[in-house]
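What follows is chain A paired twice: with chain B in the first complex and chain C in the second.
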Partner chain A sequence: MPGKTILFTSGKGGVGKTTSTANIAVALAAQDPNINVCMIDMDIGLRNLDIQLGLENRIVYNLVDVVEGACKTKQALVKDKRLPNLALLPAAQTRDKSAVTPEQMVSLIDELREMFDLILIDSPAGIEQGFHNSVAAADEAIIITTAEMSAVRDADRVIGLLEAYPRKINCWLLINRLRASMVKSNDMMSVDDVMEILGIKLLGVIPEDEKIIVSTNKGEPLSLAVNKTSGAGQAFRNVALRLTGVEVPLMDIFGENQNIFVKQFKKLKSLIKFG
Partner chain B sequence: MNKLKQLSDTSVVIDLSRFATWEDCMLELKSLTQANKNFWAKTSLVLRFADFSFFEEEARILRELIDNSGLNIFQIQTNSVRSWKTLKEKGFQVNSIPNTKISSLGGSGVRLIKEAKHSFFPDQLPPNHFEGKTAFIGAYETIAMRAGSSITYNGNLIVIGDVNPGCQIKLTGSIIVYGKLCGSVHAGFGITDNEEVEQVFVKALKMGDPLQISIGEYSACSSNQQNGSDAKQKIYPETARVIEGRIWRISDFE
Partner chain C sequence: MGLLGWLTGPPKEVTSRDEAKKRLQLTIFHDRMEVMELPPERLNDLRNELLSVIAKYFEVDINRTECTLEQDEREVAFVANIPVKRLRAGE
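On to the complex of A and B.
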């Protein structure tokens, strides 16, 4: 059965496309060693996916080399150092997004479908050439947004563009960097507010987590099983399970289901800290 | 002759919109009408000028040309709204160029459900520049129009679904939105007469934020910028219309 292509896009930059692609890809590969996963970094000129995975020193060839015929596809694929069933096709650092066309991407993806079960495409920000290159062969799309009006507006634009494509592309919503305390105090949009505007199915909610910054700098995705204390890491693992068809309830990031003693303990702890 | 189009059983359109200058338009008009004067005298004509701006001088020259040639001009069609007053003062009937095409910007698909050849708003007398058509715009899911999409339409619109922030709607008639209305709406586009503009309305189940409404030559915008949740606000139908020179927001239910 040929592989499925999932696009990670947002419109707005900095909402967590690359972080989500890296963490979800790692979680998918870790969950089942029989599933071969490939990531494609489509941010030509501003590549980052290799840094988030800690693979920047292992890149010899890149996506542009492949489409221009300078190397074979297998030569450009970088195997992950932790998971043998995970590979990265990095972007070029010294070229720009006009170096690739949508037709070339379709041809490349067709070749990769024979080798991998899941192909995750990290789209660049914006709705120009890079976006259209990324959408060219996508089967499904995960729209990533934060709970902010500007990010939601851009996500809405992107969903509209995807809905207008002649080929049907299923869209899923991933809300990133949600802060429960700000939502409770009405300083941040809630999940319901975002879904009311965007009107697509919710795939998951990732809470704000400082450990993301540490993991990005170290090149060790949070969703790796070794780091189970992270809320964001667990949320990414849950998203990966949902993508494989497993029903996983949303994490209780608002603490409403916590035991009353746990709640009181947390309250007392915060009083001691600031008292 | 491909520059002539049959508008109806009684009118013929002379399309001058492809000419860039006023002089070229007049030369073309003269050459067309000097041949077969008997034919033109019996034919009701519509002259179409696209976005050409008519100032006093141009309107006067056109009036003289028509009076001297005996042409029977039924209507002048131009999308230059500022020209309408000048042309009306010279005794011409004016209309915008019919645009029955629903246009979508940037590929954000807007789905046309149905287009009806009558007004659907029985209490509204259609202004004389407006053909009285009504189009129904539908939704893919609950969102009828997403950010970046736009519609320009000569007629009324009924939108089934939400109109998200970042949309643009421009129409010559009135609009009803069975959903939340955000973005920029310009109803009654091209209407300059005060009595006619007061017949135009913008209705929605919920007037959202941000929202810019223009009706005829009047404009207004919503004042509240909400940062948090507005999902808990009550939903009740609202209407915006021009009353005594400004746009009022009228709640149908209190």
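On to the complex of A and C.
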């Protein structure tokens, strides 16, 4: 069965697209050694996914080299140092978004679908060519937002663009960096507030976690099983489980039972089924 | 604080969360309209054209006519409330 493509996008920069891509990819590969996962960094000119994964010193070729035929696809893929079933196709650092076209992305991803079960695309910020290159071959889209006004507004714009695509792309919402204490004191919009405004299905909620900075410093995503005590790490692992069809209730980041959310996930049966 | 104020307690504070949600809902609504290329003056044109068609069949109360765009989840509906006075005789 050809692999599925999942797009990570947000419109606004700095909400956690790359962090989410890295953490969810690692969790997906770690939870099942039989699932082959590939990440593509689409942020040509400003690559960062390699750093988050601690793979920055292993890059030889990149996405643009593959598209231009300077190397074979396999030569550009960087194997993860911890998980043998995880690979990264890095972005070029010296070129810009116009170095590839949506058509080239479709044929590249068609080739990757034969090699991997899941292809995770880390889209750049914005809604210009980099975004269109990223959407070109996506089957599912995870819209990442924080509970802040500008991030939610940009997320709405991106959802509108994805809905207008001729090809059907399923949209899922991932709320990142939620501060439970601020929601409690009515100084931050809640999960329900954001869902009401955006009107798409909820995939997960990631609590604000200082450990994310430490994990990036080390190049070790928080969702690695060693980080047992991290709230964000666990939340990312839960998202990975939901993506493979496991029902996981929302984490209790409020220190109380959030029954509404549990019901939400009952509806979310299986997003991606493996044959 | 007068007696009434004492009975009802201090006025309920609008939280920054409520404010954010309200401002955002309005902004996003306008964003969606803009993307759909339907500025307010176009909406007014639509209302007038619609009324001129309906006026062929009914005598309507123009002063009480309301045309709005309402939002439900990710869909926007055009809602027209046009009170009818009487049916016009067919030609």
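We adopt the following convention: the second predicted complex is superposed on the first by the 256 of 275 C-alpha atoms of A that agree within 3 Å, B and C clash if a C-alpha of one lies under 4 Å from a C-alpha of the other, contacts with A are read in each partner's own complex, and residues count from 1 in each chain.
Here is the rule we go by: a residue touches a chain if its C-beta (ideal position, glycine included) is under 8 Å from a C-beta of that chain, and two chains touch if they have at least 3 such contacts.
Predicted, not measured: the structure shown is a model, and the values here were computed from it.
Undergrad: Look at A:Asp193 in the shared chain and tell me whether it touches chain B only, chain C only, both, or neither; answer first, second, both or neither.
TA: both
Undergrad: What is the contact status of A:Asp156 with respect to chain B (first) and chain C (second): first, second, both, or neither?
TA: both
Undergrad: Now for A:Leu222: first (chain B), second (chain C), both, or neither, which partner does it touch?
TA: The answer is neither, since A:Leu222 touches no partner chain.
Undergrad: Please identify the positions on chain A that touch both chain B and chain C, taking each partner from its own complex.
TA: 149, 153, 156-157, 159-160, 163, 186-190, 193, 197-200
Undergrad: Quick check: in the complex, which residue numbers of chain C touch chain A?
TA: Touching chain A from chain C are residues 15-18, 20-21, 23-25, 27-28, 31-32, 35, 73-74.
Undergrad: Residue numbers of chain A touching chain C in their complex, please.
TA: It comes out as residues 148-149, 152-153, 156-157, 159-160, 163, 183, 186-190, 193, 197-200.
Undergrad: What residues on chain B touch chain A, complex-wise?
TA: On the chain B side, the touching residues are 104, 106-109, 140-143, 146-149, 162, 164-166, 227-231.
Undergrad: What part of chain A is in contact with chain B in the complex they form?
TA: It is residues 127, 149, 153-154, 156-157, 159-161, 163-165, 186-190, 192-193, 196-200 of chain A that touch chain B.
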